[in-house]
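Got a structure here, written out as structure tokens. Questions coming.
Order of writing sets the labels: A, B, C and D. Residues in every chain begin at 1.
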Amino acid sequence: MDPNTAGWALVAALLLPVAGAVAMLLIPAEADRTIRRFAVVVTGVAFALVAALTAAFDYGRSGELQFVTDVPWIPAIDARFHLGIDGISLPLFFLSFLLPFLSAIYTTKHLPEPGKPKAFLGLMLLLQTGMAGTFVAFDLILFFIFFELVLVPMFFMIGMWGGPRRDYASVKFFLYTLFGSIFMLVSFLAVYFQSGLRSWDIVELSQAAGIGSVTFQTWAFLGMFLGFAIKVPMWPFHTWLPDAHTEAPTVGSVLLAGVLLKIGTYGFIRIALPILPDGALRFAPVLGVLAVIGIVYGSLCCLAQTDVKRLIAFSSVGHMGFVMLGIAAMNEAGIQAALFGNIAHGVITGMLFFLAGSLHERYHTRDIAVIGGGMLMKIPRYGVLLTYVAVASLGLPGLAGFWGEFGAMWAAISPGLGLSDTYGGLYLGLVVFAAIGTVLTAGYFLWMLQRVNLGRPSEKWAAAELDDVMRVEWVAWAPLLLLILALGVFPRLVFGVQDAAVTALLRSMGG
Amino acid sequence: MESVLALAWLVPVLPLASAAVVAATGKRLPWGGAEVGILSVGAALALSAAIAWETFTNPGETLERAFAWSPLGGGFVLELGMLVDGLTAMMFLLVTLVSLMVHVYSRGYMEGEARFTYYYAMLSLFTFSMLLLVISNNTLQAVVGWELVGLCSFLLIGFYWEEKSNQDAANKAFLTTKFGDVGLIVGVIVLSAGMLGLSDTPFNFGETIDAAVSGELATGTIVLGMLLIFVGCISKSGQMPLHVWLPDAMAGPTPVSALIHAATMVTAGVFLLARLFPVLAQSALVMGVIAVVGILTLFFGGLLALVQDDIKKILAYSTISQLGYMVAAIGVGGYTASIFHLFTHGFFKALLFLGAGSLIHAVHSNDISAMGGLRRPMPVTFWTFTIGSLALAGFPMTAGFFSKDEILVSGDLWALNGFATGTYVYWVGIAAAFVTTFYMARAWFLIFTGEHRGAPHAADAHGGHGADHDAQADAHADAHHAAPNESGRWMLVPLVVLAVLSLTAGLIGSPFLQDEPNFEAWTATEVIEGTTYPFLAEYAAGAGVVAAEKGPSAKILHGPPTWHLDLLGIVLAAFAGAVLLAWRLYGKGLPDEDPTLRMGPLSRALVAKYGFDAAGYRYVVVPVRDRLSAWATRVSNDVIDGVVGGTGAAAKRLAGVTYATVDQGIIDGGVNGAAFSAAWWSARLRRIQSGDVQRYAGALVAGVVLLVLAFVAIR
Amino acid sequence: MSLVIPLLLATFLFCVGVYGLIARRNAVLVLISVELMLNAVNINLVAFQNLLFPAEAAASGQLFALFIIGVAAAEVGVGLAIVFNLFRNRATVDVDRVDAMRW
Amino acid sequence: MAIDFGALGPEIALAVTALVVLAADLSLRGPAKQLVNPVAAAGTVVAIALTLRLWGDERSTFGGTFVIDSLALTFKLLFLGTLLAVLGISWRFFAEGRYFQGEYYFLIVTAFLGMVLMPSARDLLTLFVALETVSIPAFVMVGLRKRDLYSSEASLKFFLIGVLSVAIMLLGMSLVYGFTGTTSLTGIAEAIAATQTPGSETPLLLAAVLLIVVGFGFKVSAVPFHFWAPDTYAGAPMPVTAMLAVASKAAGFVGLTLVAFAAFAPLAGAWAPVLGVVALATMTVGNLGALQQRDVVRLLAYSSVAQAGYILLPFGVARGGTDALSLAVNQTAFRAVLLYLVAYAVMNIGAFAVVIGVARRSGLRATADYAGLGARSPLLGGAMTVFLLSLGGAPLTVGLWAKFAIVEALTVDVTAFGLVLAAGLVVNSVIAFFYYLRLIRGIWMEAPAEGAPVPQPGFNLSLVVVGLAALTVVLGVLPALVTDTTSVVTLALGR
């Protein structure tokens, strides 16, 4: 595959899941096992293709778009079908093919009520196309389509296979995101008309620095901010997240945390910042403050949770706060850290949700008090995994969670684009509070581990037969577990890939 | 031929490999993984020894190797590197040696533990983490090692995680140190931010030091950065007021305590201060703060040990006190003294902890009131513990003597240059030495002399706070009153080795070795040589005293160690007084009422003759031991712990309120409120849609009229 | 002839029609009210044509009025049919009572 | 004055079809009567063919009161296509219901004749006639189920409100005539431009303009002229409801477009804000009303009120000037309306088709009856999901592009009022999704009621449903298929 010419690879990777979903319709619903295996094959092939694409990627030019497809799509409104991938997109794109693959493997064994693997996996494949597409779409309209596309399958996933309050959660998820995304669309349109380029092309618009006045940019940024911030989600737009996560089926939570949330931060970095640098600059302190509030607040909320899954969900608020803090720093290190935090959070929290799901499979409850400790004794391997991932999530150096958090704080102390002159003190305060957030984070994870893992099993479970980690779980989880370690030890895996792309991005912002 | 220093990277890698191998295959090995740990740490020790020899014989030899580990954005690079100089070599030697001893010792101590293999893997990982911190050539890598150390301590302190109290202790240790890490991380960030314009590798130690010394680094950055980093050191190195985790950390297995308190975790803070010494030496404020914290800790920490009955807690508080010495020394410019004390303390404190483990192993209790008369049944433990106690008390010619002396001398020199903190270090240090001697003597008397008392509340010893819960304790639960036996060879060999070192390790920094190579030359690398105190001239001039005979002002802390007979005299007197006092009170076994009353006519005669005993007891011992330390304990346990605990509780309450009210109520309610109000409006609309067509028509006409009116009015 | 008089007449007729449509309960009277309104418009158109634009070749005002008369006839025809059907179903022509469907 | 009969081809075809249908109904007996449906369909196809033959032409006849241009032809095609779809969903309904089939088909073809006439009209008189040709058959069709109380009540309400609004509109027209002396749309525009200065127009003229708007506001069921809609939709036979909700409404919008942009463009500064406010009120009231409905037909009725509000939005930003930007704004607004109407026709007829399919034989039309529809009939359930998502504006459906076009029109030139309207659209989209999703959730996520029948939509209906659903999705993926056409339709209304 030549990265200069093989645009088909990207298109094929995007189409494969949809094609797989269509093909799956032909399999009779009774052939339960066949359907599940077929989904593994489809996602596996797609993943293999993306892995090959990753291998063929020209890392020397990671700042430029590769595997480009650029053809007219809707001439009436100048929309183009513009796909491409660069160093910023690649890790996220990779992740959005890895996680569905692992989810498909996981689903061969676990599928919540009411079953129906065909529908479930079909939706998952559709979701995969949507979320992968957002990371390689370089046309605002195309991006918007993919952005919206993920809502519908996720709505059904939560609504049909979710927990007891699934109705509420699914609608809430849908409406919240929809609400933001339409504001985002308004901003896209405003940018389109204001730029005068008659183009939706993200690259072109990014290079046309200084679209409109500062006031215009501020308002346009506000629109995009609403769209992306709800998706991230930033405090105070986060309340859909705990509900969605708590009620979603395991795979849904994994993909939601692992990829969907990333779309928001990716949107900030890819679209809002470079196209509206002045607006971004005016918003940066607000972003930073909201991000840090999110960090501290998310952690505080975690401390109050009694449901493991809800706790993990709230932890996402805090972790994404760090990502947003990196973005608010408006410098290369910050963007780098934000993107790293994205990937790390995807891997770690995705894994945590897998674990929470399996916990539920075994205990049929996620209430910390009901589980009552002793898991390390009852199912030791599982307990060790939970500890490992929780420790990674609380930002231990050497594991994936650290670099994003540290990097964000490091970057925020000296924000770019002149912010340090006017807001230096504010940012120092942000860093301090963010750092305090790390303590709280450690607090709630340790507390959770203490009450779930440690001690002796309560009477309720002492005699219960609980399976330790099953083979299918090992297979589905091993890549994530390894990635957590690998990203922690070799941050270069992500930092290195992104470096040139982030530099190019910041240059277009005038930084 | 390349220097052996180039192989230094192997020193941390060996324990890491060991940890991995033990974790993966340990359960299938005949000794459950212990052999792997011992061999690899032994190899690391051998290599460390070679490196130590190389640097010791060639003072000033330094090797820095680094490669770009990852870009961080903005052209900045994160290095993975090693900086091998005398300081590193010294730490290598200390860490690997103590670690090896603990590895060996644990083979006997932990025999039969269910999680034996896990224990060894963690032990090796702990060692690796500390070595990673030590070898680091940049602050960020040091932070990585630092945090890993914290994690390992969490895993090991909570080793007996079946019990809630141990879980709490582990959490407390991790969270308290993590709180300090906030300071460390922000401090590192501040320092590196100051370096942004100066270097592509803003975390590099050497470059940071150069920039600081040359004045390129802004003073504000230095002050803020170093104070914040010092906050990290406060928590990690058990300084007041963040020392609270340290006594609780005794919940872990005793060998782990030895590792944590002697060689690895608690020394990290002092090490980092030493590493960044030239930077902090740029600011009198920073040094002053460090010195004050150190002084407070060394004195009040020591007092706390007076009232403890748990042998491990006594040692824990003594660790706090000794760390106070080290930190205070840094604060008065006693760089060499500080790390020299770090070095010797590592040996004798490890020895004491392992000895304590041996005792606990024998009597199945941590309580010294349950011991007594153990000298005869446990001779090796007795002698080694005695040596350790002497070293801790600073008995002349032991390791602790030379290093503590150095610290006091540093204080004296600092005082001569016009700094009050130096004076405090000198006198408070001596006072604390007295206290130290007293509580160690008290413990010594209660443990080894008199009759074996057995455990009156043996049952508590298992469930009680901080007691070990090793398998043997359970196995021998009914054998309490059997005579205690000496421990096995696995445990005794490390004791002997450490005892020898506790006696001799001080010699390399003693006045016996006034010429190079000695400890001074070994660790005081050129970077340290180049340290200047920009504020010194100012202060010295103001004080009117320039200690010219002590050498040029910028190097007052250097120069070969010399004898200080005046100090020797004071120290000896303090030692003798403390031991005597202890012997008076506890020499006859555990007093169940006021000891002075049981001393018979002699006691009365002494009281009558000098009146000092009664007064001393009444006005010094009682207030200090019973009131002041109790008060200090209360401050420690109630106020500070209370603040920490209260903060935790308050945070939880705040969390509850935040969650219930703000999140579920306001924010969520705001969103749902829109829907509710939509439904509300929807219900109002229902009335309009009445079904009566003429009302529809009326509404239509009214609408038209309204629109027309509004329309025309607006124009 | 002044334009005021026919315009006043038309306005009056229209308002009466509106009132009748809204207030009368008998469906037949309601239909007649509709006729009143349409005829008011016719008066308007014819008056404008004759008084303001007498020279307009297409005479579109008057033409319009003719169309309205025609269409009004069709409308009232349909309306009567509807009312008649309603009467057969409910035995009433009271418009107020036709409110089975609401909300 | 020679009449260009070629230009009148589609209208003539429909008129003939109507008569043939009436005649055929008289001669056929019993079950054979249902054959009038294919006859009507055939006539429609002929009309479509005749329309396509005119494609690209620019003609006019009747002294310029009837023109053929891209705008007219596009709308004609839209109406004729809608007619075909309505015929498709009517067949079984009327054949099985034994309603007055001949009359029904005659009336519906006649009503569509009026609609087809509408976009060609360039004169108030022609517009009025076209509008009445749509309305009067509709009054009858609503009451077609003569024995049904609801049907006759619906008919009466529709009729009374209809004639009232027509009377008001006529009053407005007469006043405009009084001001301008002409009924030609372009003539009116010229006269206004010549006599009125922007910003200080004669109040009575502005009032007259508004009165004309009322007539069309009634047709499109804009607030506050919408009251008839829910009751009428609920009472009318369902295919008639579909026709009213889609075609009749589209005709109203065509008329509104013509008077607004052709005749009263110079006054846009005055009427645009009013229409904007009306649009806001319309979509809000529609959506809020829909929130509480338990009857699917009523729900769709309110939803169609809301949709009318969306379509009205672009009128709110129309400009009166003749500079390039104003023209561009108006052009974009017009195209947004056009695109939305196309999309709306596809998705809303689809939705009504599903409703008819579900109600067939069982008469079930409560939202509760849709529980578990996905399990009972994946076809109807799936199609309904697609239509509802499209109505909401979900991606990969044509509804998204429709909404997109609206937002585009609102932001061509960023103004405060435009942003307010856009914000209103955002809020309303979210509210709308609330009830769409509730229905979808019922379809897929709830268990069907005990003994709920399996819907049997029949072949014709299934075909229409599948076709429309496919169209919804295809246009959702490749909107260029329709925007390529709509984007060449210009608003060159003789200015």
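By definition in this document, contacts are C-beta pairs under 8 Å (C-beta built on N, C-alpha and C of every residue); 3 or more make two chains touch, one makes a residue touch a chain.
All figures in this text were calculated on a predicted structure; none of them were measured in a lab.
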If you tally C-beta contacts across B-C and across A-D, the winner is A-D
Chain B to chain C, mean C-alpha position gap in Å, rounds to 98
Chain-centre distance (mean CA atoms) for chain A and chain D, in whole Å, is 42
In whole angstrom, the CA-centroid distance of chain C from chain D equals 26
Chain A and chain B have mean C-alpha positions lying a whole-number Å distance apart equal to 39
Touching at least 2 other chains, the residues of chain B are 686, 689, 691, 693-694, 697, 701
Contacts with two or more other chains occur in chain A at residues none
Residues of chain C that touch at least two other chains are 18, 21, 95, 98-103
A full list of chain pairs that touch reads A-B, A-D, B-C, B-D, C-D
In the complex, chain D touches chain C at residues 63, 124-125, 128-129, 132, 136, 139-140, 143, 146-147, 149-150, 152-157, 159-160, 163-164, 166-167, 170-171, 173-175, 177-178, 181-183, 230-231, 234-235, 292
So, in the complex, the side of chain B touching chain D is made of residues 675, 678-679, 681-683, 685-686, 688-689, 691, 693-697, 699-704, 707-708, 710-712, 714-715
Counting only contacts in the complex, chain C reaches chain B at residues 18, 21-23, 95-96, 98-103
Seen from chain D, its contact residues with chain A in the complex are 389, 394-396, 400, 403-404, 407-408, 410-414, 419, 422-423, 425-427, 429-430, 433-434, 437-438, 441, 444-445, 478-480, 483-484, 486-487
In the complex, chain B touches chain C at residues 686, 689-694, 697-698, 701
